[in-house]
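Let me begin by presenting the structure, written as C-alpha cells, before commenting on it.
Per-chain numbering from 1; labels A, B, C and D assigned in written order.
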C-alpha cells in the first residue's frame, strides 16, 4: 500500500512541523510513529530539523532502532529513545522527544510539572523525572546506548511524559494527534505554572479533576478544532510539508487551490 | 433583513479573529452577540477555532443554548456560558469566554486581577473568582450543564468579567467593540500586574480613578482608534474573515483588491 | 516650502511607525515635532494609532495645543502634553508619549528606571515620576487640561524622560532621531532592569559612566546604523508610510523600486 | 582567489544575519573571521547593523584593527575587540561581540552564566566577567582603545566567551559555524538559567557533563542540522544576503531563482 504509506509519512512530517511551529520543537527534537501495519517497526525522520521534515525523509526502523534498509542518510543518534519506549509500552503508538523552552526551566531546577489547567491534565497528574547521571554517571547527556533508552523507558513507566534532567522531555501518545495536543498543552501548562509560581503559589488540579480532564484533549470536538487550527497556522506560514510524491491526499493540503490553476 | 444579518455575522467573525490575533483567544474560546432583533436569542459560531470563524459559521441559539435550527454542525459544548449570562444580565449584549495566557497564572495562583493602569480599569475595580469545584465537586472543568452556567453567571454578578479557577475567564460587554477592547486591555493589565508584582509591589488605581477610567475604552475617540488599529493589524496579516455572501460591506475589507480581479 | 513641509511630515510618520514597530507605541501613544520654521508651533498627527499615521495626518498646533487651522479631524485629547513641554523646554524639539509594555511595570510598582546598560543611559541618570493624583486627585488619568500638562512638564524638569504613575511615560529629544533611539533604548533598559532584579540585584551604571554613555545614542556612527536598521525593519514588514504627495523624498523609501515600474 | 574570497565574505554576512535572525544580534554587534590565508589579518563588516551586512561590506583589517586599504566607509569603533583577541588567541578563528537581550540581565546583576543544559555547555563550564571600570575607571563603556581590547582579551583568557559588565558579551570560535551555534546556545542557556532561578534553584551540569557536552555543538550531525535549520529560517524570512558579485556559490543561496531571470 504505497499510497497509505505516503499518507502516513506525510502525517508524521505534518506533526513534526506543527510541533515546531507551535514552539515545542526547534532545531532539535523528533517525532516517531509505530508502524501501523507492523508493531515491531517504527517510522522516524532522517537526522533533520523537524520544521524541514518531508514525507520522503521518513525512514523505517526496527525496535532496536536499526534502519530496516541500508541508506546513505544521517540518522538521529538518539533514536533508541523511540525504540526502547515502543518495546516497553505496547499501548504507545507515537513518541516525541523535545527540548522545548517551556519545560527547560523545570528540567534545570528539578521542579515537577503539575497539571494546573484543564488541558494541561493531558500529560498526567504526576510526571516522572529521569536523571541519566544516576545510572550512567557523567555523559554528554545524549541518549544513545540501548541501556540508556531502556532506563529512560523505565522512568517513563505508564505515564504520558517524562522530564529529563538538563535535557528536555519525552512525550508519548496513542496516535499522532493525541501526541501533538499533549505536547503543546504540556508546554502551555509549564509556562502557566512558572508564572503562577511567580505570582505566589501553584494550586494544581485536584486528583479527581486531573483524571476527568486528562482526556479532554482526545475529545473529538477538541481534536477536530485543534487539528484544523494548528494545520491552518502552519499553512498560513507557508510551512506545510510538500505534497507526497504519489496520490497521497491529506485534508490539510490546499488541494482545491492547486486544482484551480489547471 | 438578510444583509444586516450578514453584516452582524461578519462583525462577530471579525471580533473573534481580532481577539485571536491580539492573543486573547487561541485554539479555544468563543465570542457571542445577543441577537439585535430578538433579545431572547444569541449568535455564536459553530465549534471552530476563533481565528478561522467566518460569517457563515455563526448560528442562532435560544437562551437555553439550543440551536434554533437543526444543523449538522458540531457545537461548542460550553455554549451555556453565553445563554446563562444573557438570561441573568439583560444589559449584556456580547460575551467572550477565553483561556488567554495572560490571565491563566491568576486563575492558577488564585490572585485577583486589579486595575493597574488606566485602560485596565475597563474590567472593573474588583473581579470575582468562580471555582466550579465549590458547587459541583470534581469535574473536567468544562461548563456544560445549565446549572453550571447559571452558577458562573451568579459569580459574575454585575461585573464586567469573572475569573474561572484553572480554566480562564469570561468577559461581557454592551456591544462587540466594548467587549473586544475590554478583553484586550484586561489581558494587558494582567501582564503588567504580574511584572509589577515581580518588581516589588502592585499599587492599583484608587477606587475613584478606577471608576473614572473604567469607561475610557468606550470613548468614541478611543473606540475609533483601536478598532481601526486592530482591524488593520488583522488585514495586514491576511486574517480578515472572507466577505459575507450577500451585499454585506465592512470598512475593513479590501474591497478595492477584489474589484481588480474582474 | 511645501516640499520640505511634506518631508518633515513624512519623517514624523516614519518615526511614529518605527516606534510602533519596535514595541514602544501600540494602539496608543503619539510623536510630535516642534515646527522647524516656527518654534511657537508643533506638528502632531490627528487621532490615529501611530502605526497608521501618514504624512497627510500631521497637523499644526499652537503651543496651547490648539489646531492652527479648523479641521474636521478628531484630535488626541492629550495633546497638551506636547504643547506644555515645548513651552517649558526651549531645548526640546521632539516629544513622544507612550504606554510601552516595558515601562508599565515600573509605573505600577513605583520603581525608578535606572541606567543599567550603556545605551540605556540615553534616558538620563535619574528619571522623575509624576503622579497626576498628587495635584488633581482622582481623574481618569488622561492629561487633558493645560494645568495637567504644565504639572507634567514641571515634573519632567530638565530630564530626558518622565514616568507617569499607572499610565506610561513621556520622552523628549533634540530631534526625531534622538527621540526615537532614546525611547527604544529606554524600553530595552527597562526590560533588562526587571530581569536583573529577578536574578538578584540591579547594579546601575556609575554616575560618571551614565554621563559619558548618555550621548552614545547621538553619535553619528550610531545614529546612521540604527536609523538604517529600524527603517529597514519597517520596510521589510511593509509598514513604511505611503510616499508624500509632492516631490518629498526620504532615504528610507524604496525610490529605485518605484522608478522601475515606469 | 577572488571566488574564494567572495565565498568567505558571503559566509560572514550569512553568519551575521543568522545571529541577528535568531536574536543574538540586533542594531548592534559584529562578527569577524580571521583571514583564512593570512592569520595576521581579519575580516569584518563596515559599520552596519548585522542583519543588513552583505558580502561587499566585509573589509580587511590588520590585527591592530586598522583597515588594510583606505576606504571611505564608516568603521565600527569597537573593532579592537576582534584584533586584540586574534592577537592573544592563535586558536581563535572567529569572534562575535553582542548585546543579546538574553545575556544582559546577567551583565547587570553580575551573576555568572553556568551551563544548565547539554547544548549550553558549548560556552564552557565557567565564564569570566570583565568590568572595564576596574582598569579604566568611568568610560562610555565602548571598547575603543587598544589597551581596552587587550584587557578584555586577558579577561577572556582560554575561555569560549566573556561577559562584559553593563555591556554584553564576546564569544569566540574555531570557525564561523562553531561561533554561531555557541552564541545561540549560550543565549538559550541564559534564558533557561534565569527561569530556573525563578522556579527555585539553578542546578548546573556537573564538571564532567559540562566537559563531555561541551563539544556537542561541533558534532557533524549537529552542525549539519543546525546550519540547515538556521539558513532555512533566514531564507524563509527573505533575509539571506544578496548573492556575491562574482561566481561565488553557497548552498544556502536560492540559485534556481536567479537562473530564471535570464
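Here is the rule we use: contacts are C-beta pairs under 8 Å (C-beta built on N, C-alpha and C of every residue); 3 or more make two chains touch, one makes a residue touch a chain.
Keep in mind it's a predicted model, so treat the numbers as computed, not measured.
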- [ ] Name, by label, each chain that touches both members of the pair chain C and chain D.
- [x] none
Task: Interface sides of chain B and chain C: same vs different residues, half threshold - done: different
- [ ] Using just the Cα atoms, superpose chain A onto chain C and tell me the rotation angle to the nearest 5°.
- [x] 180
Open item on the list: Taking the mean of the CA coordinates per chain, how far is chain A from chain C in Å?
Closed with: 46
Task: Between chain A and chain B, centroid-to-centroid distance (C-alpha), Å - done: 32
TODO: Would you pick out the residues of chain D that each touch at least 2 other chains?
DONE: 197-198
Open item on the list: Testing understanding: with touching defined as stated, what is the shape of the graph linking the protein chains, line, ring, star, complete or other?
Closed with: ring
Open item on the list: Help me check something: in the complex, which residues belonging to chain A touch chain B?
Closed with: 116-119, 188, 191-193, 195-203, 205-206, 208-209, 211-213, 216, 221, 224-226, 228-230, 232-233, 236
- [ ] Spell out the residues on chain A that touch chain D in their complex, using ranges where they run on.
- [x] 26-28, 47-49, 51-52, 74, 77, 99, 101, 104-111, 133, 137-142, 165-168, 194, 197-198, 238-239
